[in-house]
Each structure stands twice: as C-alpha cells, then as structure tokens.
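One structure is given below, encoded as structure tokens.
Going by the order they are written in, the chains are A, B, C, D, E, F and G; count residues from 1 in each one.
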Amino acid sequence: METALAVLVAILVTSSLYLMTSGHMVRFLFGLLLLSNAANLVIFAAGRLTYAEPALIAPGALAPAGSVANALPQALVLTAIVISFGLLAFALVLVYRAHQSLGTVDSDEMRVAEPRDGGEA
Amino acid sequence: MVLLTAPILIALSTAVLTLFAAGDRRLQQSLSVLGSVALLVASLLLAGTVLNDGPIAATMGGWSAPFGITLAADMLSAAMVVITGVIAVATTVYGLADIDPAAERVGYHSLLHGLLAGVCGAFLTADIFNLYVWFEVMLIASFGLLALGGTRAQLDGAVKYVALNLVSTVAFLIAVGLLYGATGTLNMAELRIAVRALDDDTVVLVTAAMFLFTFGVKAALFPVFFWLPASYHTPSVAVSAIFAGLLTKVGVYALIRVFTLIYDTEMPLLQGLLLTVAALTMLTGVLGAAAQNDVRRILSFHIISQIGYMILGLALFTPLALVGAIFYVIHHIIVKANLFFVGGVIRRLTGSEDLARTGGLWARSPWLAVLFLVPALSLAGIPPLSGFWAKFVVVKASLDAEHYVVAAVALLVGLLTIYSMSKIWLEAFWKAHPDPAFEARPMSGVESVALVGPVIALALITVAIGLAAAPFLDVAIVAAEQLVDPEAYTRAVLGALP
Amino acid sequence: MNSIILLAGARILTPLMLAFSLFVLLRGHNEPGGGFIGGLVAATAFALYAKATSTTATVQALRMQPATVAALGLALATLAGLWGLIGAGNFLMGMWPLLATAADGAKVGLPIGSVLLFDIGVYLVVVGSVLTILLALEDDVAEAERRPEAE
Amino acid sequence: MIVTSELTGVLGTAVDIAMLFLIAALILTTVRLMRGPTLPDRVVALDLISMLLVAFLAIFALASDESAYLDAAVALALVAFLATVAMARFIDRSPQAAAAPERDEEA
Amino acid sequence: MADVTNGLEARIALGGSSDLRRFAPALASIIVFGIFCTALPPVAAGETFRFVWPWIPALGIDLSFVVDGLALTFALLITGIGALVLLYTAAYFQKHPGLWRLLTLLGLFELSMLGLVLADNLIVMFVFWELTTITSFLLVGFDHDKADARAKALQALLVTAAGGLVLLAGLILLGALAGTYEASALPALGDMTRGDPMYVVVFALVFVGAMTKSALIPFHFWLPNAMAAPTPVSAYLHSATMVKAGIYLLARLMPALGGTELWFWTLTLFGGTTAVLASVWALRQSDMKLALAHTTVMALGTLAMFLGGGTVYALAGAAAFLVVHAFYKASLFLVVGIIDKQTGTRRIEELGGLGRRMKLTWAITLLAALSMAGVPPLMGFIAKELQYEAALGAASSPFLVAGFAMAANAMMVAIAANIALRPFLGRTTEATAAASEPPFAMWIGPAVLALGGLLFGLFPDVLGDFLVEPTISAKAGEPTEITLKLWHGINVPLMMSVVTLAGGGIIFFAATAIRKRLAAAEAGGLWDAERGYDRALGGLKATAMWQTQLIQNGRLVHYVWWTLVSFAVLLWSAIVIGGGIGVPTLPSLAVVEWALLGLIAFAAVAVPLTQSRTTALLSLGILGAGIALLFVLYGAVDVAITQLLVETLVVVLIAVALLRLPRLRLPRGSAAPGVAWGRLGLSALVGTGVGVGLLAVLATPFDRTITDFYDAASVPDAFGRNVVNVILVDFRALDTYGEIAVVVFAALGALALLRVKPAKEPSGDQA
Amino acid sequence: MSGVAEIAAAICLVLGGFLTFIAALGLVRMPDVYIRMHASTKAGTLGVGLIVVALVLVGGGSGVVGKGLAIVAFILITAPIGAHLIGRAAYRAGMQPWQADQSTPVANRDDQP
Amino acid sequence: MNLFAINLTIALGWVAVAGTVDATNLLLGYVGGFAGLWATRQLYGPNRYFERTFAAIGLVLFFLYDLVRSSVGVIWDIITPEMLARPRMIEVPLDAESDLAIMLTANLVSLTPGTLSIDVSPDRKRLLVHAMFADAPDEVVHDLKDGMERRILEALR
C-alpha cells in the first residue's frame, strides 16, 4: 500500500502544483489544499502502515495487543492538518480581501506593490 | 530548565494577555513593551548560562530525548534569542508611535509577540518537527502582521508572500516526514547519528535538498527570494523592520543548524552549489537594490544580498567561515532593522518613501543623518562598524579557503552596497526637498522618543559591535566551535534526562 | 437562512452536537477524540447554528467574542504547561493531583490533571478560532452583499 | 479480495457484496457530481457520497471488528450535514449558480 | 530633538560668542602638532615609538601604533597643515550655516588620517583608510544642494571605496602569507613574502588600492572632480594629505613588497605616465583650482615613480618631494581660495591686475609658485635635484625615469608661472575690480606654508635630518644617512634643472597654442578614463534594471514557477546523484483499497480540470473524505475524524467566500496550450520527485523504537489509552502548544484582514 | 443466537448495500434534481440505516449500539433537512420540476451546455 | 415531578447497577423502567406521559412502514427503464404550529418516498411538497395529513 500511496502522492502533488501555477488565486488555494493532503500522506506512509489496528489500548491493559498502527506519524499528521487548516483559512480570507480591494484574483493583475513601471526610470 | 522555555513562554503569554487587554490601548502597549523587555532579560540570562556552562537542554513534559521534545541552546541559539530580544524591545517601542490604533485593537501586539514566540521556538528547539511547528507559528503571525492595515499594496504583497511561503512550508513538512520515515526519529541530535548510519544516499540527498529548498526560501536565497522584495516594503514600518531583521535569519539559522548538525557529511558535495547560490544571492540582491528608488524597496533587496554573505560563510564550512556567518547574522539583524526604522522616520518627516519625493534631511535633521549613516555604513561594511568585521571575516575565510572568485564577488557586492546606500543618502539627505515650500511635520515628544529612541539604541549597538568587536566575535567563535564539533550540543540534547 | 425547518433542526442538533463534543473531549485520552476533534465538532455545531440563525445570535449563544474564547484556550494551555513547570520543573509535564502512589508502586485515583486542562485549552482554541474566521467572513460577505455593486 | 477482513462465511460474503454495491454507488454518484449539470445536483451528489462513506465506515467497522471506526462515521454524519447546509446556502444566495447551469460551467 | 540641535548649531555658527569657538579646532590641531614636534629629536635619532592595546586578538588585530620617521613626517603634515586649514576654514566660512559641520568633518578627517599613518596594524590602518574615504565623500559633497557636487562626491566615494575593497583583499592575503598584520614586522619577512607564489596577487591588489586613493592613472579622474569640495577641503584632503595615503601605503609596504622587478616597472610606468599626462591636463585648465588638482595628480605620479626606484636617492627624492609638495600645493590652493572668495572666480582668463590690490597674496603666491617650479633657493629646488639624482641612479632604465621627471617638471614650471603671474599682472577685470586683501586668518595659513618652503630651502638640513632621513629609514627598513644641500656644484642634475626651467618658460609662453592642440587631441577621448567610470555606472544601472525586471517582475506566476523549478532541479539532482531507487513492486491491494485510491486520484485530477468552482470545491470535499477513509483503513481514527471535520470546515469557509469570488476562468497567459503543458510538466516533475523520495524512504528499514516507547509508556506513565492523543497532549505536547498558537494567530490575522480596512483607498470592486 | 444474528446481519448488509446502490443509480438516472433527491434521501437513508443495523446486530462491542443508533438517528434528522434546504434553494432559484408530459427527452438534460 | 425524568433516572440507575455505561444498558434500563412505571400508573394521577410514549412508538412504526412501502415505488421507477413518475409541486395545508412539529412533519414527509418537503410558506400555514406520483394531488394531500401529520401531533400533544 505504501507504494501505491507514493504514486498517489505524486498525482496529488502534480495536480496541486498545476493548480498553483495557474495564476488564478482561487485555483491556487485549491492546489494548496491538495498539497497539504499530499504532505500528510507522505508523513503517514513514511511511518509505515499497519492495516486496521488503531493505536488504542484496551481498558485494563497496559499496552496495545499485538502490533498496532504507528501512532507517532498520526500525531504529526494531526498536527499538520490543523496547522494547514489555519494557514489555508488565512490564505482564503486574504484572497477574498485581495479580490475585494484589488478587483481581481488573477495574480498577474495584482501589481500594486510592484508596479509595472516600478524601479528606477 | 526554565531558561529555555522562558523566551517562548514570555512571548506567547504576552500575546495572550494583550489579546485580553484588547479594549485598553495603553494597557496593551504597556504589556507589549514589558513583554519584550522580559524577553530580552530572559534571553540574556540564557546566553549568560550557555556562555558559562556550554550547551544546555530541557525536556518538555519530562519525556527524555528522543521520546519527548527537547529544547536546547548552544551559543548560536542563545545569541539568536538575545538578538531577538533586542529587536523585540526596539520594535515594540517604535511601534508605539508607528502602529495604527485600529491595528492594535484587532491584534497587532498579539501577532507581534506570536511572531517572537515562533522565532524563539525555532531557535531553541532540538526537534525537527517542532521546528516545523515554530516555523509555522512565525509564518502565520507574519501573515497577519503583513496584511494588517489592509491597503491595496499590502494585500498584493501579502498574496505573494503567503503564496510562496506556503509552498515552501509544505516542502518542509514533506522533508520532515521523509526524514522520519528513513530514521525513525525527529530529535535533531539523534538525527545526526541516524543520518550517518543511513545506507541510502538518495534518501539523505533528497531530504537534504528539500531542507535546502525550504530554508532557502525562508532565507530568501537566489533564485527563490521573490516573496521578499514583493512584500517587505508594504506593511507598517515596525513590522517591516522586525521582518527585515529577524525572519530571513531564521531561515539562515535553520540552514546552519541542519547542515552543520545533520548533513555536515554532505557539505563537500553541496559546497559548489552553495557557493554559487551565495554569490548569485549577493549579486542579484544588490543589483535589485540598485534598481529601486524607494527606501524600503532598496533595503529589502539588500536583505537578500546580505543573506548571501551568511550563506557564503556556511558554504565555505570552515570554522572561521562559520564565525563569519554567525557574526554576520547578528550584525545584520541589528543594522537592517535599524535602517527600516530610519526609513520610517524619513517617511514620517518627508511624507514619502519614494526617494524622488524626499530630500533636505541633512540640513533639517543632521542627527537623523548621523543615525542613518551608522547603520548604512555598517551595512556597506565600512570600518570600524559591525558590518566591516562581518565582511572581513567572511572574505578572509573565503581567501583562506582559496575561493577567490566568491571573495571577489563579496567585495564587489560591498562596493555595490555602498552605491545603493549612497542613493538614499544623496536623495533623502543631501538633495533639497523637491517641493521648496515643504515643511516637515513636527514630531510630538512621545513620537520622537518612540521613533528615534530605538534608532539611537540600535545605532549604539552597531557602533559597540564595531568598536568592541572582540567579545561579540568571541561569542561567534564559541558558537562556531560548537557547530563544527556539536558533541557538546548532542550530549546536552540526548543526555537531558528529566 | 430563514428556514423554520432548519431552525428547529438546529435547536435540537446544536446542543446535541455540543454535548457530543464535550463527550469527545473528555474521553479523548482513552478513545478517539480529544481537544481537536471536540473543538472541531463544537465549531461545527456553532457553525450550523450560525447558518440557521445569524452570526449575532451565535455570538450571543457563545456569550463572548469567539476570539476571546480562543485566547482563553491558549491561556489555559499555557497555564497547564506552567503547572508542570512550577510543579515539576518541566514545561508541559503531566501533573496528576488526584493520583497517589500505592504501596506496590501502582498509581491509584483519578487520572485527571494538567493534561486534561491542556486539552480543554486546545478545545477552546479550536472552537474560538474557527468561529472567529467563519463568523467574520460571513459578516463581511453579508455586508458586501448589502452594498449593491457591479462585479 | 474485496475487503481485507477476518470475517468468513455468510457474513464475510455479505460484507463483500455490500462493499461492491457501495463502490458501484460511489462511482455512479461521482458521475453525477461531475456532470451536474446544476449546482443543486452536485450538492445532492455530495450529500449522498457522505452517506455512502458513512456506510463504508460502518461496514469497515464490522469487517475489522473495530468499533472505534464508528466514531469516524459519527463525525462524518455530523459534518456532512453542515457541508450540505453550507452549499444549500450558497445556492440560496447566488441563485444564478443554481438556475442557469451553463453560467457556472463557463470556460 | 533634531530641531533643537539645528537651532543650537545655527546659534553657534552665527552668534557672537562663537567667534572664538570656531578657532578651537585649529588650536587643538596646533597643540597636537606641537606634541608631534617633541617627537622629532628622538625619531631623528633613530628611535621609534610603538603603542599597543589589544583589540580583536582572535583575528590578530591589535590597536598598535608606531611613530617612526615616515609616520611622523605624515603626522606633522597632517596636524600642521590641518591647523592652518582649520584656521582658514573658520574665517572662510564664518557666515556659512554649515561651518560647524565642515569643521567637524575636517576634524574627523584629520583624526582618521592620523590614525592611518600611525597605525602599525595593517587592518587598523585600513579602518582609518576607509574613514578617510567616508569623510572625504561627505566633504566633497559639502555643497549638497548642487546635483553636480553630489555626483562628484559619489564618484570620489565609489572609486576610492572600490580601491579600498581591493586593498582589503590584498591586506588579508598579505597577512595570511606573512602571518601577521603588523607592518613593523614586515621588513624581517620581506624575502618570504616576495618569494610566495601569492606575491604577485598581493602586490597587484595593494597597488590598485593605492592607485585609487592616490589618483594614479587610470583612477585619476576622481581627484579633479573632487574639486567640487570647498577650497580648504581640496587643499587639505585632495592635495596635502589624503591622496598621499596611497603613496604612504606603498612606502609602508615597500619592505615587504618592494625591490622586485615587478615593483619597479609597475610603479615607474604607472607613476611616470601619470605624472606626465597629469601635467599635460593641468596645462589646459583655465580654472586654477582644477589646474592645481591636476598638478597634484602629477605629484602623486612622481612620488609613485620614485618609490618604484627603491634606491636611497629615489626614496630621499620622494620623501623630500612629499613634504615640499604638501607645503606649496596647500599654500596655492588656499591662495586660489582667497582669490575665489575675493573676486568670485577662479578662472584665469577672468582675472588680472590683482597684484596691485592684493600684494600680500601675490607675495605668498609667488613664494609658493617658485617652490613649485623648483627655483633655488626654495625647497622645491632641492627636491627636484634629489629627484634627478635618483633618476640617474635608478638601477634600470634611468633615462626613462629622468625623462618622465623632466617632462613633468617642465610643465610644472609653466603652470606655476601661470598661477603666480597671470591673475596678478595685466589689466584689472570686472571680477578683480573690487578685490581686496583677505582677513588675517585666511592669509596666515598659506603664508606660513609658503615661508616654510623658503626656510627649508635655506636650511635643508632641518628637513634632511628630521624628516627625510627618518622617513626613508622607515621605508627602507634600515637606518639611512642622507645630506640635503642647496648647492652640489655643477653636475648633471643641475643641468637638468636648467633645462627644466627653460622648457617651462617656453611652455608658459606657448601656453595658448598648446592648450588648443591639447583640446583637439583630447576630443578623441583617448585618455578619458572618466568615461569608463560613467559607462560602468550607466552599465550598472542598466544591468540592475534589466535583471530586476527579469527576476522580480511582479508576477506571482513567474515567482511560483521559478521557485518550483528550483525545487525540481534540487530534488532530481539529489535523486540522480544519490543513485535513484530500485523498481518498486506492484502492490497487491483489496478492491476497496483500489476503489478508494481511484476515488482520491479521480477527485485530485478533477479539481484542476473542471471549470466549475463548485465542482472543484465538492471534488476537494470528496478527496478529503477519501483520504480520511484511507486513514481509517490504516488505523488512524483520530486523524481521519480530524481530517473529515477540517475538510468540511474548509469547504464551508470556501463556500462562504466563493459567494464573492469570481469564476475559475483561467488568466489568458496560463491557459495557452504551450504554457499549460509546461505547467503540467513541471508539476509532474516535482510530483514524481516527491513520490520517488517517498519510495526511497520506504525501501529503508524502519526504526520503531520511539513508537514502541509510546505504546509501552502510554498507560502506565501517561494514563491514557489513546496513544495518539497521549502523544498530542503529553509526549509531544509542545507541538500541540505551538499548533494551537498557529490556529489562534490564523484567526487573529483573518479577523484583522476582515476588520481593518483603510478608509481612503478606492475599492477594487468598482474598478 | 449468533448464527441467527449473523444471517440477519448479512441480509441487512446486502439489502442496505443494494439500497445505497439504487440511490446512486437514481441519482444518475432520474431526470431532475427533485426526483434525484427522492432517490438519495430515501434509499440512501434506508440503505445506510440497514447497514448500521447489521453492525449493531453482530458488532457486539459495548460502544457499537450507542454509536450505531446515534448515526441512524442523526441521519434521520439531517437528511430530510438537507433535502429540504437544497430543494428549497433550487426552487427559489427558479428551477422548475421535470414534467412527465414535457417534450424534452430525459437523456438530454445532462447534455445541456 | 416529570415522569420522563423519573424514567430516565431509573435507566441511569440500571446502568450504574450494570456497571457498564453503554447504550444497550441505557435502553434496557429505560424499557424496564417504563414497564415498571406503566404498571404503577395509578400512583401518578392524570398524566399524558404514557399516551405520548405510545403515540411516539406508533409514529415510529407507521413511519417505518411508510418508508418501506413507498420505497418500493421509487426503487421500481429507478430500475425500470421508463420514467413512471408524474411529479408535481403540491401545497399541503399545515395544522402543525410549533417549529418542532412543522420540522417533524416536513422531515417525515421527506423521508417517505414519493414526497419531499421543499418549503414552508411564510405564514407557516402550508407545506410545499414535491410529489413523485401526483396524478391525484388531493389524494397525496389527504394521505399526508391523515397519516403522518396526525400522528405527529398526537405524539407531541
């Protein structure tokens, strides 16, 4: 399954970067969401997969029975998901506000900070 | 150990407290300044301890390494935290007269101290995933600060800054994941051992390449620095000053840390690449500055150029070169933040940052001129200011290592730096104001203390680092020695039992 | 959204979901759940409520600004960390005031302490932050819709 | 193999059959999601996909004898509703997206 | 605060009590001069004083200073002339609002220059070297309201700073091969340094540094341009002292670098050429100040040429000329300043008949000019004799040196005559009609200097014993005896002097014709190095603009593109260099897993392909749910639940924002087929790179130690049965702590974005 | 006991799976959004409900019953509300229900631009 | 004292005695408690608790029956190639007044195949229903009013 995940990651990354290079900021956001998912899958797969054995310990037991899924990458992914959520939410609001103020979501049209005639004449 | 958590805790606590004090501007400001001062004091105590006792470490939650997260400070970390404290105090004081009350109400102070927490966390952690987390704290706080104010230019700049930084941040996460998958650990001291033990070159190189990329973006290296000149001139002055001083240096710090501690064995392979990158970073940055006509845009490009020197120090990878890189980092944080502060005063007095629309300051405010000259000349590497020693050590290290071309580039870039800094001097200070009827808006007493006070303080530090370079250099030497032979660091990290 | 049906549904679902979120929070140390998930469920509950009623009504239901909730959460988490720092010299160290060591070395009592406090902090941060963004965005969109303008 | 499971006998077979139905349903629903043509059509598809995934989780909990997976199903049921409400509101407030399919399809 | 000091300065400059205070710097300089004078006897007796304070031991840099003959000669010139110039300035700029700025900068310069010549440590010397560059820059741009003054100041700065950087490299390399930065230690190491393979490089770098500072061809052009500075500044910095720093440097390093063929030829050729060409340029100037500036360049060339010779006579010639030149040239500059101040012009053709109105000034001028022309019994004559003697004694090519020297000196004669005669004789002009003598403070300086030239000429032993001898001892690195005399009898040098004077006379009378010829010759721009500077500066600006528009062009798409290209290159280089990976085996999966993977992949591909915002959004929702199911499949329940909740909240947020966001129509640029394929290619390159990286990691054995610890410690030590949660809130709680900070700050940032909107700016919605 | 439960569960599973399939099929085949909602709301709910019932029958674990009932109850409450909201929005947006006697062939609905 | 509360208390007591907190025990406790309370119903005086409970159970049973019954029709229509449906929007007068009752009515209408609640009129007097087999609209209205709504009102009364 890890191998399949590697292929899936490649697809996700490709798709997300294709979106991110479009110059359309809404597509960029979509790409970002995809990319975060890809990163999470990388971490998850890198910690190796165990089928259907959550890292839970039965009541009364001191340790999990048998081999269970690797809990550490899960914790990392969980952290990463929440962080990505924060970043993405901010980015979304930013794009929304940029559109509100600049009137465009086409990044090529966003030339206020670096005007076309910028620099020394 | 309290000393290691204190900087993070103070910054985050201040962030929370100022949020609770959202209704009372004076209280917010007092808390903010107080928090910065406390951060500075804590950082000085930390640095004193590290200087005396060598690297120290503390386990979080009492879980020993490599199972829990360990914070650790060697001389480099401690020095970086001290500089953070200095810049924090300067920025919060400057912000008293610079920040829009509306921005203060919605969380400027919290975001600022959040940024500081992220920066301190990044400097102090000895865990690679935790480093990612602090990077994100820093990043999101910087996002907020950058866009605070909501002007069109800010939104535009923020879009580019956010977009590019988010790309690199995901690369960081992927790199951490891969490294964990290959080694089974996240503790940076243990990673040193584990990466050495790895048989698979592809894994080592791929992760190294990813770290190089992601930290390279944060550090604004050629050719991935786009986000910096696109945005650094847009926020309020206090914010851009702290960005200019601190943020890229966190990237440089991370590069130094990761490539001396974990990937030091790969450095010979990477040297050619890093030297080229350093040279091109220096050159493109300074040429960018030469093409600009706006105070903060000139200064922003200079940041890039100066980062090149630091990376040159890392690339050479000799003890002296690392000394140079570290000294450069410390010097540049102070000087660059100060230049942005002065740029703010220029704008405040002349009403513009566009050099064509400024002028007359040498006649009107000779003291401001002197206060500009100190960091400007220091940045240009004029002795006996701090920048000279920084440049001296890096160039000497290049020459010692017989890398003559990069040494030549470093010197040439020094000249171009003088050229582009002189532009500000010629236009804003020497040239008469284009409007003959122009009258500078007088500053109130509070304003001049808040705006000029930090400038004076940082200028004094610059002069002090220049005139009394020895103790600062000694710190850099200790730091470099600990990087070249991180045994003390790894022992502190791995041996830090609860 | 001005639908009686949704409103009536939300009046049932929101408290149910909130109760569920607390349940998830409290049992998180032993079963799937915890502060994040609990907080997200609670945020979902309030988000639903906001959709059925209004942002103002939602803030009223929260009894404070969502950003304050988030700050409170961060403060609680910090306190939980400080507890360990002051009590045992390690930041974020788990403190278990209701546990005692029995003669055989085993711990007896209730495993409730700083870790739970920390998780509650996480819960509040998540609820507060998600709602801060969502409600502010809703308000802004609503305001923009009120301004007639050509897009 | 359709589902990796320790179940055998009639229950195992039933799980496999149900899973195949679910997968077929998933494919069909995805088709509707992609074809639309109107936004309400897509939202209905999304709603059904959420339900299918709840069923999926339930079967999976049964097959692996792991009740913890039902927690995920509960969570999914909760949030799927919110998504539906949000999308319905979206249609409600930008009626052009709903009424005239070609407008949103515009290339 | 700045206003207060402004007012203060104005009061100091104009107020009554300030009258005396403005002479304080001059007084201080005289006192220092006096102190240095007390060192004359012991130094003349061969003693040297060395002071050392530790500074930066780690770099081998101490604050070490040496007072030997060379240093003392310079120190006396600096403080002595400095005192006179400060005095002159206080008078010249009495009513100028910038008087104190000028005095301050001159004082700073004097200190820097003193430091430069006294420093024994080469790096310390360099510190002062650069400080003189900066003070010079600030002084040249004194009239900063004029664009021309600013441009000239910048030019002086850039040329000397460039040289300074080259010099720095040279000094560092020298320090590396000598093992010390102490100049006083170099004489003993001379053979070693000259024998090192790096010698040529070190010499070249040091020489270029010296050339820029001392305005040798081709870096000469900045010096005449620096005449934009006020006259006292020109007299002091750009004639008497700073420009000699390069010469000083060569003299100081001679024990380490001198005495080779390379040294001789380089210094002789560059020095000689500079001397001759500068004289020619000087001839064609009608602005007296510019003429003097060019003669300064000539003097510098001459000094370099004689340093190249390396014989005792050559050194003596150089040392004597150094002092002599400082005296007469500073004097002449100040006189020109007086004329300028009293008449309003420095142009020789606008002047005439001043001799009647300004007798004292004329006398001073005559005295200084005679010294410049090398007429006995003035000191200039002795120096010239020494030069000729040295030229003849040059080890190789004596005629070359002699030729250079004679040609240059003849032209000096003509120029001296020009300045001393034309303004003072002839008819009174419009400008000179109302001219009168200057105040005491202004004429005393040039007078003292001119008289000094006469006195040294009459008593050459004073000069010889106290200045020249110790100076050349220091240079040569060993005690040297030399006797200066006015009259050596009739010998070859004397004959040469006569020829020089005669030649000078001819040139003086043919001056107009010569000037025309020169003007015609120079129109070709053969020697116009300044054009090179302009081209370089223009090229720099153009390159800067070009590269900035190329790299930082304001287009995010371009930024993202090149950022990703960098990533792809790094990634694939690492993969290729690392040896790549083995071929992975096809996984055997259950149908459900295939279905799930297919669903995710399908949704991932659908997002970029659809033109519908909502389809994209809903696809993202499905993708998120699919990945959550993958997590469930592999036992990550907490993650799956979080993923579901977060993805849904994201979809909800986007759905709200989408109400006010436009459709997904692509920008024209990225929709073009070629561009789209390029984007796909790059994206796929990165995507596969990451995939390959993951496969490589998966091929390594996995170390599960840490997780095993968590599994074992979770219940007994952390009292929790959900290991993932225990990691989050206990084992790795600091991550979570930082993470909730991220969430809080994200919310704050978003809130700020939505709540803080500038009132003034026009909204883009209307645009 | 367990044998009966298993067979009952198996029936529920297959039936539930079949119903969800029908729901999806309806979604694809039915002519307009309202009728598609009929399919998804009813058959979907019933199908999922049956599958959960199967789980409750054989899952055995203490948590299963509660969670299973919670899921079913939740879907029973939310699915119709969701359908109402979508339907209402569509209706208010002016989407007219498909009429059996209208001349537009069913298949063509999807192919509209 | 509310009988429902007492019943719930009994259920909780059962759970406590059983020692395991789960839905099965809660349900068993509730059913057991209800049986006990019903047996002793004279003790509590006039009370609608039992009627409402039985009405609610009746409602659930009716709903399940309805759900299954008319599902077949929809399924059949989906499976068969021809479109059998004669859909139409129908307005059904509402007797239910409270929000909860309206919601329940609308929900149950939606859950039974063949009808789907679309909207409630602004005056809350009519329910707009999309009926799939609406050849005779009045019949549909009658079925809904006499079947589902009546039972809901009984359970809530």
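Everything below uses one rule, namely that a contact is a pair of C-beta atoms (placed from the backbone, for glycine too) under 8 Å apart; a residue touches a chain by one contact, two chains touch by 3 or more.
As the structure is a computational prediction, the values presented were derived from the model and not from experiment.
Enquirer: Note the shortest touch-path length, in steps, from chain A to chain E.
Expert: 1
Enquirer: Could you grab the centroid distance between chain D and chain F? Build each centroid from C-alpha atoms only and quote it in angstrom.
Expert: 10
Enquirer: How many angstrom lie between the CA centroids of chain C and chain G, rounded to a whole number?
Expert: 33
Enquirer: Averaging over Cα atoms per chain, report the distance between chain A and chain C in Å.
Expert: Comparing mean C-alpha positions, chain C is 23 Å from chain A.
Enquirer: Using the touch rule from the top of the page, what residues of chain C touch 2 or more other chains?
Expert: Touching at least two other chains: 1, 3, 5-6, 9, 12-13, 30-33, 36-37, 41, 44, 47, 67, 71, 74, 78, 81, 91-92, 94, 126, 129-130, 133, 136-137, 140, 144-145.
Enquirer: Give me the residue numbers in chain G that touch at least two other chains, ranges are fine.
Expert: Residue numbers touching two or more other chains: 103, 106-107, 117, 119.
Enquirer: Give the residues of chain B touching no fewer than two other chains, as numbers and ranges.
Expert: If we look for residues of chain B contacting two or more partner chains, we find 12, 15, 19, 60-61, 107, 110, 129, 133, 136, 140, 143-144, 147, 150-152, 159-160, 163, 167, 174, 178, 181-182, 229-230, 291-292.
Enquirer: Go through the chains and record each pair that touches.
Expert: A-B, A-C, A-D, A-E, B-C, B-E, C-D, C-E, C-F, C-G, D-E, D-F, F-G
Enquirer: In the complex of these two chains, what residues of chain C are touching chain A?
Expert: Within the complex, chain C touches chain A at residues 30-32, 36, 126, 129-130, 133, 136-137, 140, 144.
Enquirer: Using the touch definition up top, name the residues of chain D that touch chain E in the complex.
Expert: Spelled out, the residues of chain D in touch with chain E are 1-4, 19-20, 23, 26, 30, 33-34, 36, 39, 42-43, 45-46, 49-50, 53, 56-57, 60, 68-69, 71-72, 75-76, 79-80, 82-83, 86-87, 89-90, 93-94, 97, 104-107.
Enquirer: How about chain G: which of its residues touch chain C in the complex?
Expert: Touching chain C from chain G are residues 99-100, 102-103, 106-107, 117, 119-120, 124.
Enquirer: Touching chain D in the complex: which residues of chain C?
Expert: Residue list for chain C touching chain D: 1, 6, 13, 17, 20, 24, 31-33, 37, 41, 44, 47-48, 51-52, 145.
Enquirer: What residues on chain A touch chain E, complex-wise?
Expert: Against chain E, chain A makes touches at 1-24, 26-27, 29-31, 33-34, 37-38, 40-42, 44-59, 61-64, 68-72, 74-79, 81-83, 85-90, 92-97, 99-111, 113-116, 118-120.
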